[in-house]
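Some structures to go through are shown next.
The same chain A turns up in both complexes below, where it pairs with chain B and then with chain C.
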Partner chain A sequence: MLTVQNVTKRFGSFTALEDINLEFGKGVYGLLAPNGAGKTTLMKMIVTLLFPTKGRILCDGKEILSMGESYREKIGYLPQEFGYYRNDSPRQYLRYLGALKGLERRAAEVRIDGLLEKVGLADVKDKKMKKFSGGMVQRVGIAQALLGNPEILVLDEPTAGLDPKERARFRNLISEFSKDRTVILSTHIVSDIESVANRIVMLKDHSVYCDTDCSSLCGMMGGKVFECSVPQKDADSFEMSHLVISRREETGQTHFRFAQDGEKGLPPQAKPVQPDLEDVFLYIYRED
Partner chain B sequence: MRVFICQLKRIFRAPFFLGLLAVFLAFDLYLVFSEASGHKNDWENCRRSVNMVNSVAEETGTKINSTDFKKKFAVVLDSHKRDLKSFYHQKTGKESDDLSVMLDNLEGNIYQMTRGEKNRLYDDTTVLNMENILQNRFGVYRNTDFKKDGETYIHEEKLEGFQAEFIRKNSAALQSRVKEIETDGEEDELYFPGNMCRTHGFLYGILFRALVFESALLGVLIMMYIVNFEFMHGTQALAYSSRRGRKLATNQFGAAFISGLLVPALLMAVVLPAYFALFNFSNLWNVSVSSPLNVEMSGIGFFPVITWTRMTVLQYLWATIGIAFALQAVFCLLAFAVAVFFRNNYAGFIIYAILSMGIIMIPERLPWSTPLPVITAANPFTAWKNCGSWLALSEPTLTYPTYFPVLFLLWGAIAAVVIFFGVRRFRRADL
Partner chain C sequence: MKIEYPTPEEQHNSIERIVKYGLPQRSAFAELKEMFRSLGPRVIFYGQGDVMFIAAMAVAFIAYYLVQLAFQPGVGKVAPEYLYSFLFTVSPTMYLLLCLLGFWKEKLSTVYDIKMTCKYNVCHLAVFRMLAFSCANIVVNMLTAGLCCLLHLESDFWRMFMVSACGLFLLSVLLIYSLLFGRGIIPPTVVSAAWVPANLLCNALAKGTYWHFLRVVPLPLHIAVTAALACLYIFSLKWLFLRKKEKVLC
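This part shows the complex of A and B:
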């Protein structure tokens, strides 16, 4: 159990996160927020790369900074951006990181082969990483995060750069891995989260906006999302006066999906629809 | 331990490490071999002179003043005189008893001589020159009055207080050391005549200066390379969030420090045996380096070598090696301090270079009216520049018996403080 308690993080005079309170138990947590909201900042504090300006983070009731190695051995971390040693193969790279993670050499060797298999890099495991594509490097990063068999897995935009097939593979890997563990992953790609995350944490205005499960989040939007078609000549004025989530051109008509509080001014042809996570995201982070 | 070994492997596989090590070794060996084959001019060959003096010492012993030495040296001298005469006769068909006439005439012939003939001439002239040098050796010390020189310096620089006392005290100490050399027999010990052999000036003033510089450069590069390795490769987020965490820096420091000390060991292990294989010191290891014969009028200057206490040639060599390693340790510690503060090799290295040049230039720019020139001159960079005069008479700011203890205490403390704050900052730094 990981507890973030009244955590504030400032960079100089800029406040990135203000008074954050969160609890992470077992399960997959999706950290959903737009660019610059502080997802990376929060994750770096969880993996002890950044230090909170105020507040503290506890693991099973103990302050993580005082736990030192006994805390860090529990975590696996995929940074949003990370480098590698250009002349190393994934296997050498993982071996070194395994040593840093304090893994026993033989056990590490077996685990490295297994993980490279799982992320689909078994046939290039002895190739130099400088020849890898961005997605391949990202998959080595994912393997690296899982290497220490961590209780707490922190993934910062793990699907960035992955093609749809690899994304699906990743989702399966995470679902399989997340039993009895804490997985925290950040993304702004809504569809990634929808299928794997049990809980969704949203950050807004440097604070936690909500911390709930997917269905109640969507339920929050119940009765607020509508669809309707408007003649093309009226489309632009409709878009100006409504909170449009998506717009699709059809023959002579423009099809809108939009959100609205209450029924006031609702076009008569509008039909209420089942809200999804993307609606929620766009609604919450709309520009007022 | 495994992490530590990983770091060591990284260093030893780094192209810059292997490349520079090879270049430095090649350069040092080039220095040694060109000194050994070097004919400063066609009349001198310092390698033959060194080996000749050494073999004379085998016959005569090293106590110039003893009757035994005088007797045996006369025999050696006589045989070389006769050899020169017969050589002269052979080359010119003439007879002469006058040394300078013979040499003048042979000089014109030297380009037509075979190597063997030249060597014969070098050996003979070395021994004949020795006679002259041995007789005139007293001039060096007996004509110097350090006290008077000190007073002149004090007067010219208008020194008062601390500085005047400092100069006065040290020139008095030097003068009494010169008296000691006169009375305890060091003055009467055979050494390679400086002008003929250039052993001290080459070995310490050139070779060790190169060795210390190369070691420092490589040591600093290794330290920065390894301490900032993760930052330069963008892997810091992975490395410092791993179980090892920021303690990784300890392993990196350890590996870099040990390899840093290994560098001078490797260089010396190749270069010094090469030097001593070509220049045979075997019979002169136990004479005093402060022998008045150890004066060179060229190269590193006109200084005689006056060490603060009696030191044999061998002791001086070991002391120099020891100081070279201690300096290397300081250079590496400072590099670590710079590396943890800047976390960027390019910036770090440039700052280190500017710092070291600045520190060399500071002391002579500071006013003598304060103790600052003396204090600031006790730094590893100036000590490097002063290579060849270690533990001995040198520039006024460096000439006091406790120079090296002061230097190592001061710079050990500076390095410790900077590292302490650097590490403390790093432990709590946002990465």
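This part shows the complex of A and C:
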């Protein structure tokens, strides 16, 4: 159990996070917030790259900063900007990181081959990474995060640069991995969190806005999301006066999905629809 | 009287406490030794090839300069004060370049964040490298002193070696303290950049005291000062190894 207790992080006069209280047990936790909300700062504090200005983070009741290498042995981290040695192959790079993570050589070899197979890079394991696409590099990053078989996996924007097929493979990997572990992942691709996260943590104004499961979160928007079609000539003025989630052009008509509190000003042709996580995200962060 | 059976968590915590306080604690140097055994030199010095090349070039240049000094026509024997102040100033060159360039390489590396979350992180690697580089520098200093004797620039090998070692450990201690008490990589860079100007300033403004320390002070006193600095250096390295600080190198 990972506990974030009254954590505040300041950089000089700027407060990145204020009085954060969270608990992470086994399962997948999605960290959802717009850019600059403090997701990466929180994740960096969890993996001890940054230290809290106030408060503490506990792992099974012990402060992570005092645990030192025994805590680092439990974590796997994929940063937002994943770095690598361009002249290394995935196997060489993972061997190097495996050594730094304290893995025994033979065990590391077996694990590396298995992970490269799982992320779909078995065919190119000895090819230099400078020849890789962004998606392939990202998959190496996911493999290195899983290398030490960590109890706590922290992934910052793990699906950046992945195509839909790769993202589906990643979701399956995370679901399989999270059975008895803690996975904390942040992403802007709301659909990735929607399908795998057991709980969703939303940050707003440098604090925790909510910490709940997806269905409860979507339930908050019950009766507030609508769809309607308007003539194309009225589409722009409609968009100006409503919180539009999506817009689709059809023959002579523009189809809108929008959020609205209450029925005042609701077009007569609007029909309520079941809200999804993207609707919640856009509605909650509408002022940002 | 009913005694509650401890929960699995309570059992686990109790066992950990017994192990923590009951078993003998490993020293920092035992940890370093274990790290070397686990990782090997290839992993510890991974990606440092270009840094070592630059340092080797600098040492070769200093050797070349000494040879040129010895064989320069029309110039008499080199003044010993000049030679000793030169040795004192340039003796930590290899160590300085290896450490400082290594720090900057880690700071600018895109792999820094990932390496800092590993069991053996950047700080552990840096401490081991500093220890190894200082040992290598001592050997280089010995060879430099030997070269000076061979070129008949000076005959007192042990004084030359002690002066070089003193320079090396003085700068090493200053470097470690700048890492321990400074924030990030700028303090050690400033210390490194100030070493040569500071020595030139001493040479210019306080040459009497400066040369007296290098040339006249009895050899046992030199040995004592160098040994004290070496002990302080080793102790500070241990402190750096165990220290938990947010930005040690970056």
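As a convention for this text, the second predicted complex is superposed on the first by the 287 of 288 C-alpha atoms of A that agree within 3 Å, B and C clash if a C-alpha of one lies under 4 Å from a C-alpha of the other, contacts with A are read in each partner's own complex, and residues count from 1 in each chain.
What we mean here is this: a contact is a pair of C-beta atoms (placed from the backbone, for glycine too) under 8 Å apart; a residue touches a chain by one contact, two chains touch by 3 or more.
In this text, all values refer to a predicted model and were calculated from it rather than measured experimentally.
When both complexes are superposed on chain A, chain B and chain C end up clashing with one another. By the document's definition of touching, both partners, chain B and chain C, reach A:Y96. In the superposition on chain A, contact is made by A:L49 with both chain B and chain C. Touch criterion not met for A:P164: it reaches neither chain B nor chain C. Of the two partner chains placed by superposition, A:G252 touches none, neither chain B nor chain C.
Within the superposed three-chain model, A:G262 lies out of touch with both chain B and chain C [touch as defined at top]. Judged by the touch definition given at the top, the superposed model places A:Q144 against both chain B and chain C.
The superposed model places chain C right into chain B at 385-393; the other stretches listed in 79-87, 169-177 or 385-393 stay free of clashes.
The interface of chain A with chain B overlaps its interface with chain C at residues 44, 47-51, 68-69, 72-73, 75, 77, 79, 81-85, 96-97, 99-102, 144, 148.
Residues 2-3, 6, 233-235, 237-245, 247-248, 428, 430-431 of chain B are the ones that touch chain A when the two sit in their complex. The touching residues of chain C, when paired with chain A in their complex, are 9, 12-13, 38-40, 43, 46-47, 109-121, 244, 246. Residues of chain A that touch chain C in their complex: 44, 47-51, 60-61, 65-66, 68-69, 72-73, 75, 77, 79, 81-85, 96-97, 99-102, 144, 148.
Chain A meets chain B in the complex at residues 11, 44, 47-51, 68-69, 72-73, 75, 77, 79, 81-85, 96-97, 99-102, 105, 144, 148.
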